[in-house]
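Submitted below is the structure of interest, expressed as structure tokens.
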Amino acid sequence: MGLSLVILRKDLLIEIRRKDSVISMIFFGILLLFVMSMAIGIGRKVDPELASGILWISILFSSVLGLGRTFSLEKTNRCIDGLLISPVPPSSVFVAKTSVNFFFMLISEAVIIPVFFALHGDNITIGLAPLLATVLLLNLGFASVGTLFSGITAATRRNEVLLPLLLFPVITPLIAFTVKATGEIFAGVPFGEYSAWLRLMAAFGLIFSCAGYLLFDYVMKEN
Amino acid sequence: MDDTSFLRIQGLRKSYEDVDALRGVDLSLARGDFLCLFGPNGAGKTTLIKIVADLLKPTSGTVEISGGQNLDGGIRSRIGLISHQTLLYDELTAMENLQFYSSIYKIPDPEDKIDSLLHTVGLHNRRDERVSTFSAGMQQRLSIARALINDPVLLLLDEPYSGLDQFAATVLSNHLKELHARHRTIIMVTHNLTRGLETANRIGILSEGRLVYLKDRAEIDLRSFEDHYFTHMEAV
Amino acid sequence: MKDGFIDRFLVVISTALMLTAIYTIFFYAPTEIMMGIVQKIFYFHLPMAFMAFLSYFVAFVCGVLYLIKKDIKWDIIGSASVEIGVVFTTLVLITGSLWARPIWNTWWTWDPRLTTSFILWLIYVAYLILRASVEQVDRRATFCAVMAIVGFIDVPIVFLSARLWRTIHPVVIKSRSIDIEPAMLTTLAISMAAFLLFWLTLLRIRSRVDFTELRIRNLEKIRRGGM
Amino acid sequence: MGLSLVILRKDLLIEIRRKDSVISMIFFGILLLFVMSMAIGIGRKVDPELASGILWISILFSSVLGLGRTFSLEKTNRCIDGLLISPVPPSSVFVAKTSVNFFFMLISEAVIIPVFFALHGDNITIGLAPLLATVLLLNLGFASVGTLFSGITAATRRNEVLLPLLLFPVITPLIAFTVKATGEIFAGVPFGEYSAWLRLMAAFGLIFSCAGYLLFDYVMKEN
Amino acid sequence: MDDTSFLRIQGLRKSYEDVDALRGVDLSLARGDFLCLFGPNGAGKTTLIKIVADLLKPTSGTVEISGGQNLDGGIRSRIGLISHQTLLYDELTAMENLQFYSSIYKIPDPEDKIDSLLHTVGLHNRRDERVSTFSAGMQQRLSIARALINDPVLLLLDEPYSGLDQFAATVLSNHLKELHARHRTIIMVTHNLTRGLETANRIGILSEGRLVYLKDRAEIDLRSFEDHYFTHMEAV
């Protein structure tokens, strides 16, 4: 735990110094939101589920930017060798990197979601608490699968390209749950009717964070 | 093959797709040995160092350090590595890099240690600048400080002199002699004959994946060694 | 010394003019019958949109000059101009949205004029992000110049594409005539003048900050015995 | 011209050896196609313009992967210094890289578009000749602006991230023209009614390939 | 400042954000001069080489080569550069890399040239393997072949010996002597005193961005030079 914190602190320090991960995520998210709304939404009534699809695609694709970053950071000058020869267990690295990714996503969502409401807020009910729950559960699942895969792709020659390729097929169920849940939240349906989706998301998050925690050992040693 | 050996390498082989980089290396070092390894480009020296550091898996053969297989056990926190890359974070300052590495090694009260290392490598006045703004030699210097931060008992040095000016190289030589005197086990790869012969107590030559020469420094006659060295050089 | 005087003079004049504009807007210009009081936003909305375009044009010219002359002053003026342009574009978006809410009953719609405003905003925010991610001064200046040129070449294309879509956003100032009441026109003219002066003041002050920073850095170098 | 060909040949050779640029573009494009169709299209009649939007977003976002690549290639081991000290004029590099990108896009479109028709072909008229014209014009504009910007972002610290950020806002008009044109092609409208869009696309392509050709000199020297 | 000078550097300064890397360097070399430049880490040697190669813009000052400012004119096709990086394409083989570079220099019938260079650097038997599979020293060797492919009249070498084994280093020394005999102008930066003093005809020391020493090799007494060298070393 202590070691995770050390790595977490270092990553945040680097982010504060370069500022670019979070900013790019935010900007790219808004860009996607905009391009998709424009290509799809012009002259069309955007219903809650469509809006929810647009929102999450924007957030997820922009989040990949941050994901890839956390590992490519360790590959320049082969800093990862420094971690590998040290007594830091890979699982601590996993916890640190997952937290960083979780945190970066949270910040960028804090900006992207309000912009989304400004664009599409008219036909949408805003349920803050359930939306927050959805966000947190999505981030958990996405950050843990994403960290695991960014560990894998970092060992290949084309890290930034391969990552979304591997990641998205695996998290399609998570995306589907999230879009469904959010669609119903936006439609103003009572909690009971969509709580099943949230439970599925939680299950996905838990399963994959455990899997990531256990598998990361093997992945990291191949770097 | 004495039982007291600190590091024991047996039948080590490593094949990449086309190339056999190591073709059966046997080696055993006692605690406190300082082995300097020479060899032509492409002989497999870096490959050997990486395998000993557990950064690369051998095709076959074993490496035992202090009795345990492949660095398992407490020894992992007492290894120092200098490789062809610096293992430094470009965006952090010299100071922050050393602070990070000292925290992952859980070094208590690292300030003094960091301070004295920065003085040793002559970067004390540049400690708050980002590594990305350092010259090649300055990065190498900092990498040396990084490798020494956990007071390693096993030090793996892959061309540590590369990029260093003569002053820094002399400082490093002296530091290595001192570590040697304090019974640290050291494996150093270098192409610098003078520096290698002046510091190590055992000298080896690796050629085409085999350890073709291994002698105590005391037994070596300088003239005949150079001849020996050059006979193994022709092949890449 | 002289620059400082001009700046102070500009601040005073533009403040005065801005106050006059605000007075005219609320006490001289007639209240529009259909929209009521919200129509007052118009006197901010339109001048701001024009100032934004002016900023991007200035940035374009500065970009060209920088690439030709390699004089850092053009980079400083150009980037200051883009920063101001982005602020004004943001304000156009905000005032537009505030206006749209009561008139069109929505904060936002995918109307071409709105869309194009948003595209402009994106282009120049991207410029600012680019600026933030390059450290070396020459390199940053060159890239920003290229971006300012490319961005500005894009402006007419963006607007052309807007014209070709159907629009609910009114096009008031048509090729020749302006269909607007004289009192409103006077108000608009005053407001426009006030914003123009305000823009000029901002540009001078903002670029002054960078010039000063540059001078400080050079002085520091001399102090270190470098130059 | 001869020098452009030399660079072009080298880039193609490297691509043949690694095979990854085009494959990633294709795979990522199809992935986007699926994710968007899923998030947007389920239980909804996908009309021609919406379909056209989905198609082009998939193609364009996947093409960015290839774009970034052409320059990062030159930055490893600072091969670009090798070009800069040589007598190769930057404009030849621009021509070479633009052609490579144009060509990679063409290959990936040759796969993605048929997949798209398999998914959404039902409500869509297929006009092969006008579609080909649209594709070629889009590629021209995208490849030239993209090459110029990848030259810029390659010199920054976060090349792969910054590129789409700079690129997409500037090419939004091109995207809009393309989506419009394709929407009408898919709707089976006669050529005369959408030829204006194609002419705009051609204008965009020409203006920006000239701008790129002229500005690339400055950009490349900063790398 | 004779009018016949082939390379003339005047009042060259370069400042990065925090650091003044060059603080006024004046230097002029005649055609056929071989200057070896020593200096402590961070002295500004790489910065100087990059500016001469027109890869970096100076803050102020000028570099004239063969009369023209900043490499404009035909001279550009006759420059060779070895830098801290290899400028090689990882995915291409040794052969393909050299072929590419010879085509951008429009060298007629490059096959023989490439063949002989590959033999010189001892990579002929590895010519069809990808550079990414090469060891550090092999990459450096290939980089040397790359820099020589256009038969440069001005050769800029930034630590060309780094990573080379003694055999390859000797080959390089001999090759440089031969180029020197053929009146090529050479600027070499190295930390290897022996190699530098054995090949060059002019010796310089750059320290803290200034050229603090510049003498003809013939005038230099070895002992006193080493002392001189070390007095300038202490500062990073």
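Read from first to last, the chains carry the letters A, B, C, D and E; within each, the first residue is number 1.
Here is the rule we use: contacts are C-beta pairs under 8 Å (C-beta built on N, C-alpha and C of every residue); 3 or more make two chains touch, one makes a residue touch a chain.
None of these values were measured; they are calculated from a predicted model.
Student: Go through the assembly and pull out the chains touching chain B as well as chain D.
Tutor: Of all the chains present, those in contact with both chain B and chain D are A, E.
Student: To get from chain A to chain E along touching chains, fewest steps?
Tutor: Steps on the shortest route: 2.
Student: Looking at A-C and C-E, which pair shares more C-beta contacts?
Tutor: Greater number of contacting C-beta pairs: A-C.
Student: What's the distance between the Cα centroids of chain A and chain B, rounded to whole Å?
Tutor: 40
Student: Which whole number of Å gives the spacing of the CA centres of chain C and chain D?
Tutor: About 31 Å separates the centre of chain C from that of chain D.
Student: State, to the nearest whole Å, the distance from the C-alpha centre of chain B to the C-alpha centre of chain E.
Tutor: Here the centre of chain E sits 28 Å away from the centre of chain B.
Student: Multi-chain contacts only, two chains or more: what residues does chain E have there?
Tutor: Residues 16-17 of chain E each touch two or more of the other chains.
Student: Among the residues of chain D, which ones contact at least 2 other chains?
Tutor: Each of 18, 157-158, 162, 165, 168-169, 172, 176 in chain D touches at least two other chains.
Student: At least two partner chains per residue is the criterion; list those residues in chain C.
Tutor: Residues 122, 125-126, 129, 133, 138.
Student: Judged by the touch rule stated earlier, which pairs of chains are there in contact?
Tutor: Listed in label order, the chain pairs in contact are A-B, A-C, A-D, B-E, C-D, C-E, D-E.
Student: Taking the touch rule as given, give the residues of chain B at its contact with chain E in the complex, in rising order.
Tutor: Within the complex, chain B contacts chain E at residues 16-19, 38-43, 46, 84, 122-123, 125-126, 129, 133-138, 140-141, 159, 162-169, 191, 193, 229-230, 233-234, 236.
Student: Given the complex with chain A, which residues does chain D contribute to the contact?
Tutor: Contacts found on chain D: 18, 20-21, 24, 27-28, 31, 35-36, 38-40, 44, 50, 53-54, 56-57, 61, 65, 68-69, 157-158, 160-162, 164-165, 168-169, 172, 175-176, 179.
Student: Okay, in this complex, where on chain D does chain E touch?
Tutor: 2-3, 6-7, 10, 13-14, 17-18, 73, 76-79, 81-88
Student: Help me check something: in the complex, which residues belonging to chain E touch chain C?
Tutor: Touch residues, chain E against chain C: 13, 15-17, 20, 23, 57.
Student: Considering only the defined contacts, which chain C positions touch chain A in the complex?
Tutor: 97, 106-108, 110, 115, 118, 122, 125-126, 129, 132-133, 165
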